[in-house]
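Okay, so chain A shows up in both of these, paired with chain B first and chain C after.
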Partner chain A sequence: MEKSNLDLSPGLLDRIKNGFSHVLKLREKPLGLAGLIIIVFWILITILAPYITPYGATQFSQEKFAPPSPQHPFGTDRWGRDLFTRIIAGSRTAFALALSATFLGLVGGTALGLSAAYFGGWTEEILGRLMDILMSFPALLIAMFVLGVLGPGTINVIIVIGIAHIPRIGRVARSATLQVKNQEFVEAARVRGESDLYIMGAEILPNILDTLGVEGAIRFAYSIFLSASLGFLGLGVQPPTPDWGLMISESRSYLQIAPWLAIFPALAIASMVLGANFLAEGLEEVTGGKQ
Partner chain B sequence: MISFTASRFLQALTSILVASILIFLIAEALPGDVAQMILGQYATEESLTALRSKLGLNKPLHIRYFDWLSGVIRGDLGTSLSKTGVEVGPLLVRRARNSLVLAAGAMIFIVPISFLLGIAAGLRPGSWLDRTISVTTLGLISFPSFITGLALILIFSVQLGWLPASSSLELSRGIFQQLPRLIMPILALSGVMLGYITRHIRASMVKVLRSDYTRAATLKGLGRRKVLTKHVLRNALLPAITVIAINLGWLLGGAVVVEATFGYPGVARLVLDAIKHRDIPVMEAGLLFVVVAYITVNFGTDILYTLLDPRIRYSRGEE
Partner chain C sequence: MTEPLLKIEDLEVIYSTDRAEVNAINGVSLEVNSGEVRGLVGESGCGKSTLAFAIMRYLDKNGKITGGRILFKGEDLRKKTEAEMEDIWGRHLGMIYQDPTASLNPSLPVGDQIAEVATAHGLASRDEAIQKAIDLLDRVHIRDPEDIVDRYPHELSGGMRQRVGIAAGLIGEPELLVMDEPTTNLDVTTEARILDIVEELTEELNSAFLYITHDLGVIARIGDAVEVMYAGQVVERGSIEELFEEQYHPYTKLLLRSIPDPEGSKGSLQEVPGSMVDLTDLPRGCNFSTRCPYRGEECFKSEPSLDDKSESHSARCFIAPIEGKVETVSESKDTGKEPIGDEPPELKREDSILAVKDLKKYFGGGSGWFPWADSDPVRAVDGVNLDLERSKTLGVVGESGCGKTTLARTIIGLSRATEGEIDFAGKDITAPISRRSPKTLKRIQIVFQDPRSTLNPKRTVGQAIARPLALHGDFARSEIPKKTARLLRSVGLDPSLADRFPDQLSGGQKQRVATARAFATNPALVLHDEPTSSLDVSVQATILNLLLELQEGSGTSYLFISHDLSVVRHISDYIAVMYLGHLVEYGRTGEIFSPPYHPYTEALLSAIPVPDPGLSRKRIRLKGSVPSAVDPPSGCVFHTRCPRKIGEVCESESPPARGEGEHKIHCHITRDELSEVEPVLG
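Moving on to the complex of A and B:
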């Protein structure tokens, strides 16, 4: 970001314009553009799901383990359910889970990281230590553990993944805040006598949004990754909800006779995570985060 | 140096203590009555009460925590609830050995390759080589290990029949005689980490190459080769040690998916099974092992790092 230190903090409208211009600038970044296209593709699929799915997601039929054919482009599973339909329905599950979990992580992590860096001293020490300890548990292990207590299910998976994001987003928010908090416009607000809450929300937050946006895209990708892994372990979304990780887990007994049951959900997961990671990389380049 | 080591040691110990409290509390919060689970649903109220007092379940929470902790310190991890009569200690040791073999195998594979790729990409940012490596590593971190694992099984077990699809180890035979069973789990486990570490090393190389001291060394008239070996590599690769240490934690916990995919008997799957069977002693022990291993590795890394880079001893500023 090329901005003189003497500038006052830009307003919300400028921020939104700025965000759009970042997306427009993705045109020049092949990787970011590819990511954007993949994600937009999946968003369209998710919105149009009811119109493009030929069957019901939990509709049984007599055609069990049918290989891919014009009637069933991706084949059918052991209950005769159409895999094409289930993959598309699964994109809704994936988006719902990943968007909510990322949002939860962004709100929690930003609140903790921003206030830790802003107040410094003991607040920072205690919050920092807490985040370190949370981070010393691998995310998947925390998720497994908490799901053991809460029981599996969609809402619980969202909460668990969101919590797992908090320390990592918190660390990013903290270091971004540290770079901003001593600039003139923050000083100016302090001299004007604004409250801490106002300075954090209206002065610092808009200036770390770029960083948070990139981190959000990375965490979105990781949410898909984690929820698929949890589904695979049988701790995530429960059947008969169409979930990609769960589909792969169920396909394992039939790898010999029906490999398509593993291949298509795997491609779906991989493409969505890859798309989000490409997008994050592109955004990082256009916002100047990556060298 | 000694005071730094001491304070860092104290910090690690505190972290382990806090983690042990968290683990204990979460295990306590698990739904279900342990006595009921052991005796079954037809148990009489008297026998339930008797078993609860035998297991110490009627004592207050903090007393039970200290009982558990002192047991752990004495090396007594209790007996498993789901596998009757099995001592948790020896079970954990066996599983931990398997996990360490898997993690070490992955490390031997990951470290040289990621250093090579990271340095090559970082030397010429923006070049086609850098771009190719960048896309490849993004791909690697986008494939969850169960997908890589299943792809390996589909290719090497189902199609080619070269490797066994299951990696359940036989107790009677040594682990190194069962090496073919380790190949696919190690590959599946390595993918994501290989991607992460390569990217970190690349970023660190780019940062150091653009730093003032690198420019100064070049302006001083040192040859490119000398600048690279004396200034760049040393400063760029040091932070990689920390990244690898952080990822070791991931190797132990992230291994759960790989262990489940291949039926590999490691610590992570022990914890997963214990959670599913409400086997609290096994669960607590397994988790504590992961946390202690992770914190110990980080502590060791910090000390090593300080020895290698004297600047940190005097200033531990912000990133």
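Moving on to the complex of A and C:
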């Protein structure tokens, strides 16, 4: 009579299936689908980078400022490096940076936003005002200031962008939590004596994951944008690492003789930012999204 | 024979969804005549609201009328253009919704919104229309209508907004008014008053009403004829007298018997087996054949037609009339339920399990930062004394805002008591949850009201029930699946449901899971906060039966909160009547339902809709609505609305408890005088 399917693991399996079905549902949302295609395209590029790049990312040559040609589809820069190779290699930098920073922001923002909303009262007041202060400065300004002190570098850029995300993600996590925390299943958990940590992690968090996923996609797009901006200002990734922002910055002096040096990295940034934003939009629609 | 005002012929409506087409209305024909109140009843999902929206041409985008005609005064509404419909809406054909908030514009004073209907049709100038709105608000018993017309919707209570909606529906004096569950969210006292108005209007203006409700008691009170709907079809139709006298269709018969009788007592209720048929995949033959206890072979082969059984009574059934008495079918009993407790708890029946002493719970007010900004607190519970014996059920009733839910939340520790004491099994447990011992926590549990939010949507049924077992159980973890299965069986669910997520369950099933979860820790006291108020009556019957059965098996005590006196009567041994944070009457169930009554209890009883059209009862209608709990009336809190107020003493002194044994009435009128009234219920 006892059934083996009383095992509690199907819950997780179903959750994964559920997440997968969200992605499947994107088929019906043209914008979301476009975003998904762009992002998947970039992911493939990133993974396959070593196999499709014809040259080394830092490989010099005598062909300086060569215009786009069959040998160099995107042309070459002032050191004679192949721009096509550098754009593809740059996608790895961009992904690594943006993913780490978004993850950092999601973890920090969710922890703060969720606990602020859950505990309410003084905790919420103090955390809320702190976020407000952080948010009242443009993210780029804070990033420039902190990097000015810490010095540029990949790790520092990740930390700074991650921290810049915390208030916004925190705000989203807070409002999502507020909608869940007074539901009866949360009260039922309190009534049977669950700890606050359990209620936040096991009862509330799974119910705000959809919302956080959408916000994560938006923050990912913003991370790409912000890291490119910092690279452009020379505060981000340092040469010779291939970085799109840095490439645009270096191209400035040669705009008249080699406009492709600015155009292709700019297109790369734009497509990835747009792709992530479209994807966020689509996810928001299929998950019934954020408030 | 004159032409009926509204004549629907073979109407069919289909909703297109992602997955499949939902056959919401499958060939409905009906007529409504002038001066008639025609009731339309059925469980949720039977298509009654869809029918209303189809008549009004308000169907959602994915809903489509695929066949039939809607003749209103001889003209087919399906052929009308939007512009032509605008002339008809409000003036000839009006609708009143279940949720008044959605139909009112939050940024316009309500007077203008009522008047708009009249001015838009050129029936009156704005000033005349406002004057008319004031008269109508007075008609629907809103106090100070001159003042109310200038208010915005958010400044009014739900009951007042609903009455504003009704006034807006009436001002154009439409020939036909479609009412979609207009009183479902209202207290019985307000409901009774709105039903009075409907009756007056049919008499005075010869208006016709299509009155949609799930409550057969309401129909019995005001209807002339009734249509019973199931799976998008009318399955039975008849005059009120005939239909309540004899039901030909098994569905009607079962539905009527699943209602707790306000004159009845503790005992099993009739259940309607199974649940609403899948509208995307209707069975061959009779739509009710999947649930019908009387079905024969014929029922699966062809579809019955709506045949006349007498001049004014017809039913869609091969079997009808059903001879003999219906057996009380308790569906869940067949599934081999198991007793819920592990071992019977030590029973000492006379022991007190719960004692509440002078409990007060105030919200807000007081200790702000700025003394000058302090406001008065809301006195949600203001000095309540209760006592509950082991293995008994105490029902708490009252209108919304009387403090009954706050009382339960304070007892269980979700709210911190402002003053007073809560004793559980002789031990003081007044502290909030965080300061109660695990042993106390596991011994008191609660079942909440809203099946949609009572279970975590991201966890399976099995996980929901296993968690309290893991948290409080003193047994090996490997035993948890077995115990989970056992709990599911004891609430009448198949253990295979353990893998389901809440959105794959019906409302009734969710409430069963919530009940199993509450019982998982083997509690001595379970609080029920309106556990059936958002369920269909047929489902309510199964839940009430389950609760009674569980109590019998485990000896658990219940504190049962409800606004529905019939339900409370059905399940309770003792009843406490609350008004504005105070207890006005307390006693054994029988004592509450017969004189002497507290004047408030008497009014509540007279407002219950009873599914018996022959019953004539005295009508006691309360004036106005419940006063604010921030500034409750002095003396007796009920004096502002009391129909039996005796004088100044009511305003100045709080009433004494006039007791006889356990029965206590808090009133200035003497017990002897209170005893002299006629009983409200037969």
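Convention: the second predicted complex is superposed on the first by the 275 of 291 C-alpha atoms of A that agree within 3 Å, B and C clash if a C-alpha of one lies under 4 Å from a C-alpha of the other, contacts with A are read in each partner's own complex, and residues count from 1 in each chain.
Here is the rule we go by: contacts are C-beta pairs under 8 Å (C-beta built on N, C-alpha and C of every residue); 3 or more make two chains touch, one makes a residue touch a chain.
Everything numeric here is computed off the predicted structure, so don't read it as measured data.
Of the two partner chains, chain C is the only one that A:Val191 touches; chain B does not reach it. In the superposition on chain A, A:Glu215 makes contact with neither chain B nor chain C.
Look at A:Asn207: by the touch rule set out above, it reaches chain C but stays clear of chain B. Of the two partner chains placed by the overlay, neither chain B nor chain C lies in contact with A:Glu250. When the two structures are aligned on the shared chain, A:Ile133 is found in touch with chain B, with no touch to chain C.
By the document's definition of touching, neither partner reaches A:Asp82: not chain B, not chain C.
Put chain B and chain C next to each other and count what each touches on chain A; the higher total goes to B.
By the touch criterion defined above, A:Glu285 lies against neither chain B nor chain C after alignment on the C-alpha atoms of chain A. Within chain A, not a single residue is touched by chain B in the first complex and by chain C in the second. Residues 31, 129, 132-133, 136-141, 144-149, 151, 175, 178, 221, 225, 228-229, 232-234, 245, 248, 252, 255-256, 259, 262-263, 266, 269-270, 273-274, 277-278, 281, 290-291 of chain A are the ones that touch chain B when the two sit in their complex.
Those residues of chain B whose C-beta lies close enough to touch chain A in the complex are 15, 18-19, 22, 26, 29-31, 125, 134-135, 138-139, 141-147, 150-151, 153-154, 158, 165, 203, 206-207, 210, 249-250, 252-254, 256-257, 260-261, 268, 271-272, 275-276, 283, 287, 290-291, 294-295, 298, 318-319.
Only residues 2-3, 5-8, 10-11, 14-15, 183-185, 187-194, 203, 206-207 of chain A touch chain C when the two sit together in their complex. The touching residues of chain C, when paired with chain A in their complex, are 412-414, 433, 436, 438, 441-442, 444-446, 448-450, 453-460, 462-464, 466-468, 471-472, 481-482, 484-485, 495-496, 498-499, 501, 514, 517-518, 521.
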